[in-house]
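Next come two complexes built around chain A: one with chain B, the other with chain C.
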Partner chain A sequence: MNRKILFFILPVFLTFFLTACFDSKEVDEKAYVVALGFDKGENNFLKMTLQIAIPSKIASGEGGGEPGAGTAITTVETPTLYAGLNMINTYISKEIDLSHCKVVVFSKELAQEGIHKYIHAMVRGREFRGSMYVAVALESAEEYIQNVTPTLEANPAKYFEMNFNSYQYTGFTGDTKLTNFYLLEECSCRQAYATLVGVNKYEKSHEFDNNNSTYKERGRDRPLEGDFYAGQIPKVYDIKAEVMGIAAFDGGKMVGQFDGQDALYHSMLYGTYQSSHISVPDPKQPENFILLDVKQSRKPSHHVEMVNNAPVNSAEIKLEADILSIQSGINYESKENIPILEKTAEDFLEKGILKFLEKTRPMHADLCGFGRDLKMKYLLWEDWGKVQWLKKYAQSKFNVKVELKIRRPGLMVKTAPAKSSEGDVMD
Partner chain B sequence: MRNFLKSLLLFKEPNKAEKFILKENKQDTETKTGAKDDSHGESKNSETFLNKILGSKQDDKKKEETPEESKQESKIDKKLSKNLAYMKKVYSIPVNGDIILREFDIMVKDRAIPAFILFYDGMTDREIINNYILTPLMLLSNLDIKDDPKSIIHYIKNHLLPQNQLKEARKYVDVIDEINFGGCGIFIDGLDRAFAADVKGWEHRGVERPNSEQVLRGPQEGFTEVIRINTALVRKILKDENLIVEDIIVGKRSKTPCSMLYIKDITNKSLVEEMRRRLKNIKVDYMIDSGELEQLLEESSFSLIPQLMATERPDIVAAHIADGKIGVVVHGSPFVLLAPVTLADLLQSPEDAYVRLPYAHLLRFIRFLGILLSLLLPGLFIAITNFHQEMIPTDLVFAIEASREQVPFPSLIELLLMEVMFELIREAGIRIPGPIGPTLGIIGALILGQAAVEASIVSPILIIIVAVTGIGSFAVPNFALGLSFRVLRFGYIFLGAMAGFLGITAGLFIQGILFVNSKSFGVPITVPTGPKTSASASSNKLIRLPIWKQERRADYLNTINENKQPKVSRKWINYNQNEGKDENEK
Partner chain C sequence: MKNKITFGSFEAICITITLITTQLFLNLPRSMMEAAWTAGWLLTVYITVLALILFLVIERLYRPFEGKDLLDLGEYIAGNTGRIIVGLIFIFFFLYINPVILREFCENIKIIALPESPLSFVMLFFITCMIIAAYAGLESIVRFSAIIVPLIAGGYIIIITGALRYCDVSRITPWLGNGPYEIFIKGMPRISVFVGIILVYFLYPFIRKKSLFKTVGYRSIILSGIFFFTGVLVFALVYQYPTGTENFLPIYQLSRLVDYGRFFQRVESMFVIIWVASALLHLSINLFLIPYVFKKTFKLKYYKPLILPFAIIVYALAFFPENLTSTIELEKHFRNFAWLVTFLLPIILLSIAGFVKPVEKKGAGKSE
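So, the complex of A and B:
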């Protein structure tokens, strides 16, 4: 019996003496980083910005509103990521812990030079969570992080989680989690993309202008909701930080940027699109809009064929929509008119998507994963390697077919004219 | 005045009070001096001394044994005066206050025969002794008896003592045993035997609700302290003449009556034999409660899991006996032991069987969750907050950090502090006198909970952890198993603090080994899963089968009759087609 007790007690004591809680750290002995920013250094490789949560302020609800109330921000110039952490630990009292970091932001300048070395360090590092978002700041990452002053939540970590998740109901950004980014970056048939972030410049609403909008490129006379990059949305007050659009990468280097509308098309093509409101010009009265609540009914199908050693990429997108508003008051809900509406919406989307794909071609950025379909047709890895898909993508031709079905007219079955003294008025 | 001052200031010799010293026994002093001599190293003397010790010991033994043996052997004498003297000596009359010795004469055929009765006051029923022993012997013996009595014994036994339980004894020891257990000894001049009548009538607690195992649905009776009431409670449920109540007396001095309960044609014979062997071979002076018997019967005293199940509920005992187990009832204990027992048995509540299937599973899963929480939650909390912070949702990690900011202790100390406090409240709560009970709740809730948090001695999240753990630990249906988990919980706290999840995993591994290794009366504790037994082994699984599907008894019990019910137990289902008969009956 004594031997049995010894057998029980020995391992317990062994764990105590061998491990002796050497890496045990209390929660309050650590400083949790919420966001990590990388800019090109002035005199060194990197300028690293850390947004560190102040839990006592967050828990008591003081975090929101005032800029930087729930967080502390520090910027340090450093040769590498971990060197920077070491330097920061010399003046931050608690040990820096990156396990709750929600977002890593690279400046556009740095991203164009290539960020794969930092991404690799993060994927290898135990502390970085794979669900952290990768973002590119159009100007400076430091400036973006400084301007994250959430008002709706006391906790900045929650702000990042919610804000970067908004692609699920706007479609204006994408799922750019670290694991996703890394997989796409390493993939021989697709290219990586990151969320675009920026800081708004407007101070007063009369300063609004459309100089930075992309509506002219699209041939519109005024911008639609997605025709902006992050930081250029005409808006004032509240928080200055914004997310809108995606950045395309080739081999870990940023090669181009797309606005919100393009990001929406991208997510439709890529399959991450869930639902959003889309404004479509009225086919009969172009000055009016028809608003649709669009959902993806099936995952998009891709089809690639090699014609004369050049790929022909076809995509089929299946959508469903509910009518949210018909501004012209024309009775598009009726059985006869619904196909007209569907056709208009399909044409509108097809045109936009084709334009988006044309833009990706010179960037060598197969963001939508056409290569996956082609890869499946090769039996041997060597054969697929010989195709050199990412190079060949620049010679692509595109066919896109959008199939949109309008299912429900909303709560209003038929638009009834508003009554006025001068007879019926359409709104 | 002067005297008073004098008495105040001057030294006064203290009054000589007689002091009491409990002196060592002769035997003890001898061995002590022996040890002393030995240490002096007188090797020459040691041999003789050893002999001396041995000799003296042997002498002692002989001295001790002689009265014992004479008591065992000596037979009842024909002369009443001799018997009277013997009994007076045995019962230390008149030193003993509660033994009553009543001398009287029996009139038979105009002949007065001297006699005496002997009984303990308080353990016997006065009315019965007066009306059914003394009255017939003293008064009714005068009645005209038609047939001529052949012998006085025959006459007295058959005509004068209207008792349903009357024993005839030739040895003193038989009568003495009866008297000690509330009987009445009757000695009559000229007879070389005595009678012992059963007139038990001591005060005892009635049948009440079981204190520790209450259910909403099911019988509300609990065992009490009297062995015969307890056996009757079981027999009341199992109206089966094959239910054997085998009496075995344990304890040389306490002579505690115990009963082994089993069903003759179900329970495995070797199991019955083993229980009988263990019970008969317990040599102790006193045995008061079944808790002591449990410790004397179990194989491993250091095992953390109970190897016999103690229950207050007759329905549980009946169910297990009907399944092929053995119950042991101990006089003076409202807890009846059951063996062999498995972990699954210990995790079951009687309600599991009485409540309909879907509800039973809800109750059961909630209970398992509670048990797991009570065992692992504090350990997991320590492990996660000290080693695996990335696992906590970000909002919660900030909340924990904020609440811990002011706390001066490491979380391990903090947790141990609260756990010890909680154990203290629980232990004190059992002993606290009834009327003060609610005060303890107030102290526990207000002072420990609120004030400790406000004083930043512990963090509020920790209070939640300890509270959930405490609530979970009350979900364990078996008291002994609950205790074992309470002990293990501290182990997991330390393991979690030492090595995080690695430590907890190691702990679970070791606990698993220990559990799988322990046996109860030859049955592995983890039986339906540990060694996998037949799937049809009815009700002892984690997921209960519907009652009509519990056709076989537990496989591990190797019962004589394995089937509990026919394949179709609800005959009404296809009554018309089969005319109410199924294969088994055909």
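So, the complex of A and C:
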């Protein structure tokens, strides 16, 4: 009898609990932010910009393929991050949701003042994901977000994901996910870095100039592909927004910036380098280039020794490469010439890496994790604390050894000259 | 002293592991890091070895008292008075920790999954399930744990392996953290993390073969030690000291990191399921033990009528802490002293029982 009563009572009881969660929200009741930008406010502490996805337009392709049609952008001046969200929630119809935010951009000005408190607010927040990228806009975060108008990708979230992941095949930025940034920022043996972003000013290709390139600092007579900061690449394209280079931090404050080439060296030293195309001056005809498709063959090894209370940091980088192009036509594919090419590439990279490391020294920015290797030699935290690594890093000396092996010549095993009326032409 | 209910070692191990390792899903990795800094994993190994040694002592001392639980031992030593004293100690013990754990779990659920639901509402779900489980009885809880624990273990392994890509060995260096004294001397009371082994003393009358007491105890400690070690180690390899000490719900934080491509990510939803399952088992067995011990202490005929009143008391007590921080503090105090009841009390009782003649029984309590 009791069981029969229970049999009838149970469904009634269950009706109260099967009506979904108390605080459930439908997907179409939320406004999903894909990018978040922070600038220094003019009348308040912060200027916050949100790029919000419009799922219906993304799904239907509405907007006629117009770049950026799948998003809405809003900017608000606010005292804090969450206060800003509250303010925005008063004038948009849906509730802001940050669980699909892919990138957070800080203006350089704000980053130089320190972003630790904002990073902490995000790490504490349930909605923010550790997989979103941290970036620094060389000018304004608002301007950068406004200029993200993807053409090849309808889904803005996917655009950010893929664009910020491009370091895997260019090496010109880095793995600057929020989790990485947060962990590095609080580490006693390394410093954090963020992707540099910017907005390109060129409207027509005849406006291109190299004034903003870093090639002169590097002693070159023309820029190589990585000798630019974000926003300064000589290019004309629908999307004005760019990623190129990294920003260095010391204790949550931005202390310096590095161009794409330095970001490449950083990733080689840090171990996040995967592959990229690298142009190396021809050893016999320096006005020509040899193009290599370089890959990391082993993780870099670091070694730190304290000599007279100053660190001597050594790094060994192991790479392998395939030949993509030999402009001079000299037969570097031959067994005799391969070592010459390897040595040239090694020297070229070693020189660049040493220059990069020298630049990090006055910034106290151990971006490559030399301190990590020193820390592993200690038994007690107390002893490690006395080293004051991040302070001592400024006295560092560096030794770098690059080992590059040419593995494959591409689809050609040698270069034959073109025949002209004046004889053989190799250029 | 024949029991109607008996079960094998697998079921007993599953429920004991649940009772011991639930802390792993709360704050154990963080508290180990707070205690030993970068050497939290070493502290885990140390306390597991200590727990094994102490259990070895208890198991040896227990041999002449096969099939008796701690209340029976209290009665053996000092008659009704002994039984009531031991019983009251355990009733207060469970009545202290059960509301604290209930509150902690519900607060955590509010933070990570149901931010807008009132605490009382979330807690109502838990307490309802606990009451149903306690009414269903020990056998149902234990047999259910034998089904659910392998699933919990599977989910845990996915989370731990998923977070491996973020590991960096340098994060657990300097190897000895804040020093051997802090780890090996001041870290000793941390053995309280094995407080769940207390269940084995109460399960003794229910275990099918009495020789299994030993097997259940050792295996539960070793397996829990492995879970603790892997959780603390992987957490420390991902979140260096002192960053890791900032993190609330360390294993949840690890689950949030799991991200393999565009399809395998956001596995924290799996964490919520295994976490709630393990919490429910933990809280249910704790709620069952309160009326059960009460009944046995005062030689009552039935324990079931006591379930609802004790559930209401647990529910009400859970609201006593002002906030989550106070709840965590209360749990910390408990963990500092729980080893006294878990390891010291049985050793004292068994040592005394070894020397004294049993007090004449006047209808000694029977295990259900």
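To be clear about the criterion, the second predicted complex is superposed on the first by the 401 of 427 C-alpha atoms of A that agree within 3 Å, B and C clash if a C-alpha of one lies under 4 Å from a C-alpha of the other, contacts with A are read in each partner's own complex, and residues count from 1 in each chain.
Basically, a residue touches a chain if its C-beta (ideal position, glycine included) is under 8 Å from a C-beta of that chain, and two chains touch if they have at least 3 such contacts.
Fair warning: this is a prediction, and the values are worked out from it, not measured in the lab.
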{"item": "Which of chain B and chain C A:129 touches, first, second, both or neither", "value": "both"}
{"item": "Touching partner for A:102 - first (chain B), second (chain C), both, neither", "value": "first"}
{"item": "Chain C versus chain B, contacts on chain A by residue", "value": "B"}
{"item": "Touching partner for A:53 - first (chain B), second (chain C), both, neither", "value": "first"}
{"item": "First (chain B), second (chain C), both or neither touched by A:378", "value": "second"}
{"item": "First, second, both or neither for A:183, with chain B first and chain C second", "value": "second"}
{"item": "Common ground on chain A, meaning residues reached by chain C in one complex and by chain B in the other", "value": "21, 23, 129, 161"}
{"item": "Residues on chain A engaged by chain B in the complex (per definition of touch)", "value": "1, 4-5, 8, 11-12, 15-16, 19-21, 23-28, 30, 32, 34, 53, 55-56, 58-60, 97, 99-100, 102, 127, 129, 155, 157-158, 161"}
{"item": "Chain A residues touching chain C - in the complex, by the definition given at the top", "value": "21-23, 126, 129-131, 161, 179, 182-183, 186-187, 189, 369, 372-373, 375-376, 378-384"}
{"item": "Chain B residues touching chain A - in the complex, by the definition given at the top", "value": "300, 302, 385-387, 389-390, 392, 394-395, 397-405, 407, 410-411, 491, 494-495, 497-500, 502-503, 506, 510, 514"}
{"item": "Contacting residues of chain C [partner chain A, same complex]", "value": "37-38, 111-112, 114-118, 121, 166, 168-170, 173-179, 238-243, 256-257, 259, 262, 265"}
